[in-house]
Amino acid sequence: MKRGNLLDILKKLRRVPQIIMPKDASLILAYTGISPDSLIVDAGSGSGFLAIFLAYYCRGGKVVTYEKRPDFAKVAKKNVELTGLKNIVVKEKDVLEGIDEKNIDLMTLDMKSAEKVVKMSFNALKPGGWLVIYSPYIEQVISVREEIEKLNFKEIKTVENIVREWRVGRHTLPEVSGVMHTGWLTFAKKY
Amino acid sequence: MKRGNLLDILKKLRRVPQIIMPKDASLILAYTGISPDSLIVDAGSGSGFLAIFLAYYCRGGKVVTYEKRPDFAKVAKKNVELTGLKNIVVKEKDVLEGIDEKNIDLMTLDMKSAEKVVKMSFNALKPGGWLVIYSPYIEQVISVREEIEKLNFKEIKTVENIVREWRVGRHTLPEVSGVMHTGWLTFAKKY
Amino acid sequence: MKRGNLLDILKKLRRVPQIIMPKDASLILAYTGISPDSLIVDAGSGSGFLAIFLAYYCRGGKVVTYEKRPDFAKVAKKNVELTGLKNIVVKEKDVLEGIDEKNIDLMTLDMKSAEKVVKMSFNALKPGGWLVIYSPYIEQVISVREEIEKLNFKEIKTVENIVREWRVGRHTLPEVSGVMHTGWLTFAKKY
Amino acid sequence: MKRGNLLDILKKLRRVPQIIMPKDASLILAYTGISPDSLIVDAGSGSGFLAIFLAYYCRGGKVVTYEKRPDFAKVAKKNVELTGLKNIVVKEKDVLEGIDEKNIDLMTLDMKSAEKVVKMSFNALKPGGWLVIYSPYIEQVISVREEIEKLNFKEIKTVENIVREWRVGRHTLPEVSGVMHTGWLTFAKKY
């Protein structure tokens, strides 16, 4: 079942705008601790990077990723195919129309209007399951937190993850300029 | 092979000082992209948290972790046992005496004098394999980078990972105080 | 005209909650470049720290500070008296009722509902004068920016100022924990 | 004595590399609280920006700035002349050869080998006077702190000042990329 290195795989894939970065994708594992045999539902797919990251490290589990835009769904499907991973399903469907899966371990949302999917996610999660939402803007963070607070979630947390690269050598200092912001991650565990 | 959630498991374990945090452990996956069937060697074990994190998400692989202090090795062994993970071996041995494994995919160092293990790690890594070093102090970062630059490594990178928690509600703002520093992570890929 | 060191003076004063920190007060000089003979209007006074900081470094100018709460105004007046500075006037008045001064060089707001004072501030500023607003919460930032954008301001900028203290010695690293947030500063120059 | 706005003045001046930024210059006022009638000695001048900033807000005081490079000293002198400020003297002299002034309130160093000037600065400072050193690299910070610790300084502090600009509007978020590092400031008060 050798698939090669994930970074080498990702380099070959097509990208659509607003790709979640590996530092943010990996924080989802760190802060949820989900088992690698989990059932994961993701929306929207975009180019499929988050779904691929999660499926890569949850090899014994399954990732279903929803994408309403046919052009993006096509890119995501092609990308998944290129990875050789067999545990991802790309559904060309608007998640707002309903989540088909039940007893989900992890629901990840990286989409506009994510706040409209919070209740639906709660219902589809199994007890102890996690909802994780990626939000580039603070207004989105506020909206999703508002919905989350209405439901029986606990361990609710919103974080910002800043990775600062350093130059090290005879002169050691942080890189003078670089990426200062990608997005916020909000975590909530179904009670 | 259901093992339960990693965070739930970690809560039950004994801790020794200087535990690497999940945000830093997960960044290792993000920045190396190692396959979940990798051979990983880790030193020193401490309480075994990094080894457990990596073994948890690299279920098809194997983690060997070296610890020279008998008291820490005992804690690490007990902790590994409690996790139920079968793919970790704790070796009570000073890694400075030699790395028994060959063709390693990932070598992680979280120990004093890590710079003394850089060359040995290079030799034990397979081509394309990654060395990752966790350093709480900048002097350690400078020392390990010095050793790394002497060898045929590429994609050398040192980063600092700052996670800032936010309060979200009627008043939204970053937590006023919190953890501002854990350590630096240095990455290097064997050519 | 020797008054002694500002930090030594500030240590002797009474404090009310929510004091603007020196790092934020000084950034106002850095980002507006106002002349030390400026006319400055400030609201609300709180314990008077911001007014005192500005009056201390703008010795040839004048600071008028508004405070509607009688208890705070009393503290501010007492504090100003203790500093020996002659170029500060504390007015016990709600700034929402009107700004008496005209041709102001710098207007600083550190108060709830600052957005209600933006238009009034614009009218009282001289052309080229600066409005600076300190906001602990992002919702306040958004409200004041909304008002600012309606008027003929330019060089509008909102910043967050993070000062990280370092331990330096045999082991050099950022302080492990500390203040991660005080507030945002919004700057706008009247056209 | 109207001189106009400092930012407007600075825009007209010539720049040499490695200019200290206003956010860092202003932090010197915030963390030392020096009186505006202080005697300040600065080395090296570079383009004179730090000397000009300090002289601008310490109008009743005096700033003497040392620069050993004739080309930089020429730029600094020309820049000072353009500001119209009468309280700055540019000395074309290597500060390592000796500080002519005594009873200094504030000594600022923004130069290579600043560690060699620490003892000399201590001797030239008056009791209660401040030494402030700007260091772009951590190795410089470590060197100057080593010298500082040998002498009778107190309230020793090294900080890093990160200003993050925000986009505010319908979508509110930190600027995605920007300046992540300028330098460290080390403060020490002569006992």
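As written, the chains take the letters A, B, C and D, and residue 1 is the first residue of each chain.
We adopt the following convention: a residue touches a chain if its C-beta (ideal position, glycine included) is under 8 Å from a C-beta of that chain, and two chains touch if they have at least 3 such contacts.
Computed from a predicted model, the values in this text were never measured in an experiment.
Colleague: Farthest chain from subunit C, going by the mean of C-alpha atoms per chain?
Modeller: B
Colleague: After a C-alpha superposition of subunit C on subunit D, what does the rotation angle come to, in degrees rounded to the nearest 5?
Modeller: 180
Colleague: Over half shared numbers or under half: where do the identical copies subunit B and subunit C land at their interface, same or different?
Modeller: Over half of the interface numbering overlaps between copies: same.
Colleague: In angstrom, rounded to a whole number, how far apart do the mean CA points of subunit C and subunit D lie?
Modeller: Inter-chain centre distance comes to 23 Å.
Colleague: Could you put a whole-Å number on the gap between the CA centroids of subunit B and subunit C?
Modeller: Between these chains, centre-to-centre, one finds 46 Å.
Colleague: What whole-Å value do you get for the distance between subunit B and subunit D if each is reduced to the mean of its CA atoms?
Modeller: That pair's centroid distance is 41 Å.
Colleague: Residues of subunit A that touch two or more other chains: which are they?
Modeller: Residues 138, 164, 172, 174 of subunit A each touch two or more of the other chains.
Colleague: Which part of subunit B faces subunit A closely enough to touch in the complex?
Modeller: Residue list for subunit B touching subunit A: 1-10, 21-23, 25-27, 29-37, 56-60, 128, 138, 141-142, 145, 149, 157-166, 168-169, 172, 174, 184, 186.
Colleague: Residue numbers of subunit A touching subunit D in their complex, please.
Modeller: Within the complex, subunit A touches subunit D at residues 136-139, 164, 170-183.
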